[in-house]
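Both complexes shown next keep subunit A, but they swap its partner, so subunit B is in the first and subunit C is in the second.
Right, the complex of A and B next:
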């Protein structure tokens, strides 16, 4: 499904990703952990097509498509979804209109007619109940005046609406209390399927108790320095990251 | 009877001639450039005006001659040479083109994006049109219906001939000749415009629009509009058009006067899209407009404007809340791009008791443009318990444009309540990326964000106007994020 090969990226003069390799197969959930400034959020932004980062080397292949060749909106239409660490507010644009524009953008890309109002509303109902946002979305502007927890739940709601192939969750657990974390995790778990892959970026192992990963990778200084199963997260929780900071020769591949 | 009306209408539609005021030999006539008392007399004579109106014009000319062109607005432009303008030219038949192939392709592209039908595109760009029977019958039933209710809706020139007492009673009562430099000029040399009268207690059942006044050939340089809503009546009036309008006249100095009698309500909506000039602002229209309404007891005037065109805009639709319990509203979206300059806002003059006003102004600046809000809220000593609420927001699309806010508040009654909120924000790369990440393309994303920002104003426009105005906003800002 997703093959990242020797990905290098910088912002301004600063190299952030320095030859990152990762392969994600359909249905897998990969957790990416690592200290502050290791490049986790940069990886998410580069995959989603944020143009403030410059890709200097490497390739990203999603089901045979060269992602780096596409505009951000086309990547989204090909099935890449990014749940933002800090969801953006768009005053005056209702959540529902926003989702309708997004959904119809994707549909036109697939050569489909715009969704019928009835089908759209049914889908909204289904997806919003998944993250317990039912009935609150209709008249509210995108993320405007939402609490931290509501914003994160709204991200998962949008993910459910758009049914991505590859979902990237960037520190979705940050700023969540334990109840909100449970709701968000429930939504993510409900979305897991044999065709959908996840990259979950997090600082803490806490989230991975609720969303259990197939693989855990440690990102440090722009490279993956250690990979393992879910038990690696526990080890990290215990030992911290310092013992991994010296990159060793055999851990750069996932 | 009906037959005759229809024939007349078809004549008007095909633009053969005006029913009043002009004869064939005048049509070919244009006065030499320059302005003096003789010119004012000639205009009045050509239009076969009564003596009181001639005197009124002469008085205006005298005042204008003694006035200085104002320079307090936050705009810079080369002042027009008033002696180089011809102040009278018979209503021109625009040169008719044989087909759309002869029209500027840029213009057509924009109209297409606005969703304007082929027939309409032809009409707007001066191509000979075969009017489909449908639109003729719509216009006919429109006129019949208004006639039954006693609503008068015609050109001002026609009203001066047909309803002189109504015109004389109201003309200049809200915007007197000496009001300001451009209003004085307009009063001296106005050539035509619209007149509208709604009788007592009548609720005008349709939006009155210059669009339906098909007999008006082109738009004058010095237009004058007079709207009178008698006691307890209601009218919604639409001015302008979302299609881009080019004009050989660089200076436009229009006057609009509204009189809202006791318990009447007037809603006046404008979409202004005059030619803004090229990327450097060359050749664009100067739009210096005076718009003002007078509210009698418990009446209401509501101004809504979407301003996207002109090189320089200088415009402050205002309300004089003279009657007790009267209400004034001003809702505005002003977009400037490239080198456009806009200085626009409103004045709310509270004189009567318990008068209320609301101001919502949304400026959007892009390119190297300058966009200023200028507003005055004035509470007179007798305006007990009056209230004003103002919001003026500015949205910046680039690092090279400017947004300015000049609010003036004068309160001379301690019971007044005045609230003023202002924000300035820059359109966020974050917002655009967020939309793109959800599969919305950049251009659509900008449109969505801008429409959201302007929503409170767009919602005030009549439905069909609102849809076009939304598209217009998007088009005006195309490729403008830097």
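Right, the complex of A and C next:
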């Protein structure tokens, strides 16, 4: 499904991703762990199409489509979804109008008619109850005044609405208490299927007790330095990252 | 002597950039225009351009007063005829004459003097005590022609307990050029309510000047909106004087100029009496190479204790070539008041834009959502949903969202 080959990206003059390789097959869930500043969130942003990062080398292929060639909105329409680490508040834009525009954007891309109001509301009800947000979205602006937990649940609600092919969860567990973590994990697990793949970025093994990965990768200094099964996460929890870290090759010292 | 001042004589000099009030809106280009004073008489539908409707807000059930190039068009108008409302163009007045007011704008400003000297017509609108006018009154000014000028002045008086909604809509055909110089004086009696919406949707190259002078008596309410949809060069001046206790003034505005358009909003809120509130919100998005000015003055005089005044001007500069000069001015002479003001100039929120795009909403639609959200606070207080929907749809159509 997803093939990332030798991906290199920088922001300004700073190289962040330095030749990252990853293959994700349909239905698989890959966890990416790693120390602060290793490039985890950059990977998420580059895959979603944030243009503040410059891709300098490599390729990203999603079912035969060159993702790097597409605008962020077209990537989403092709089935990429990013659950933000810090979801954005947009005062004045209602949650429901936002989701309707998103859903209809995708549908027009697929050559479908805009969704009927009744079907839309039914889908909202179904997806919002999945993350225990039912009835709380209608009259509110996108993420405005939402608690940290509500924002993260809203991300999973949006994921459920848009039914992506590839979902990237960027530190969805940060800022969540145990109960919210359980709700969010339940939502993610309900979305798992043999056609949908996940990349879950996290600092902590805690999330992976709820969302069990097929593979765990350690990202350090812009590259994947170790891959393994779910037991790798436990090992990291115990030993930390230091034993895996690649020495940084700062160009100024070269 | 310029071409203009050869034809239009005034004792006051035209404003120059040396005056702070006109520093960012120079009128040198106007002074080189060969503008004629229209002497046409009413032409009815025969003289009306096909591209526009005499009624600018078709969905709004309203009375209609139409002027073309400053001249009243009786056959295109539908004036209220009921007890308690006198709505009469100056040209149709009997000897009783129009309402009288004490504004001295014509003695202070060149623009005002020109209006006073060359006025073709205007509307005298008197709402009697406790009369609530059943429908809005739409005053439509059309500019159609090359180098034409119109100088309307409207007088509005709402007596104690009365209620009135007026929409002043100015439009111009694409071929048009010249000048629109429109004045308005209003007085809102005790406990009376005036809602006033001003919409400028002018094609062509017209210099648009408008000046409103509004006096509020005790416990009266003013709700005023100034929308600039389209206009090559637009200056809106609004002056509100709160003269009695307990008045409430809400005045909002929006502008989204394109190309090389120029838009200037000058407002003055003068609190002279105690226990009053005022709330001002102007929002603008500057596109292309457009230029803009916002100047908002709030005076709180020594007797205006317990005043609660709020003022905000928020701007987005959408393109590299656009510019806005914004300046809030607060002068407070009373000690027990609450005043807040702020001006901001920024860009579209790139984080919000990316968030929307990451959900499959394309850039254009994402910007449209952000613009709609940006304008929502201004549009939501418009007196009728028909009017706010029409304004939003004109913005949408113009900007191709």
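As a convention for this text, the second predicted complex is superposed on the first by the 245 of 254 C-alpha atoms of A that agree within 3 Å, B and C clash if a C-alpha of one lies under 4 Å from a C-alpha of the other, contacts with A are read in each partner's own complex, and residues count from 1 in each chain.
Heads up, the rule we're going with is that a residue touches a chain if its C-beta (ideal position, glycine included) is under 8 Å from a C-beta of that chain, and two chains touch if they have at least 3 such contacts.
If you're wondering where the values come from, they're calculated on a predicted model, not measured in any experiment.
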Partner chain(s) touched by A:152 [first = subunit B, second = subunit C, both, neither]: neither
Which of subunit B and subunit C A:73 touches, first, second, both or neither: both
First (subunit B), second (subunit C), both or neither touched by A:196: neither
Subunit B versus subunit C as contact partner of A:82, first or second or both or neither: both
Shared contact residues on subunit A - subunit B and subunit C: 48-50, 52, 71-73, 75-77, 81-82, 84, 87-88, 90-93, 97-99, 101-103, 105-106, 109, 141, 158, 162
Residues of subunit B touching subunit A in the complex: 428-431, 433-442, 444-445, 448-449, 451-456
Complex contact set, residues of subunit A against subunit C: 48-52, 71-77, 81-82, 84, 87-88, 90-93, 97-99, 101-103, 105-106, 109, 141-142, 158, 162
Interfacial residue positions of subunit A with respect to subunit B in the complex: 48-50, 52, 71-73, 75-77, 81-82, 84, 87-93, 97-99, 101-103, 105-106, 109, 141, 158, 162
Touch list for subunit C against partner subunit A, complex: 349-352, 354-363, 365-366, 369-370, 372-374, 376-377
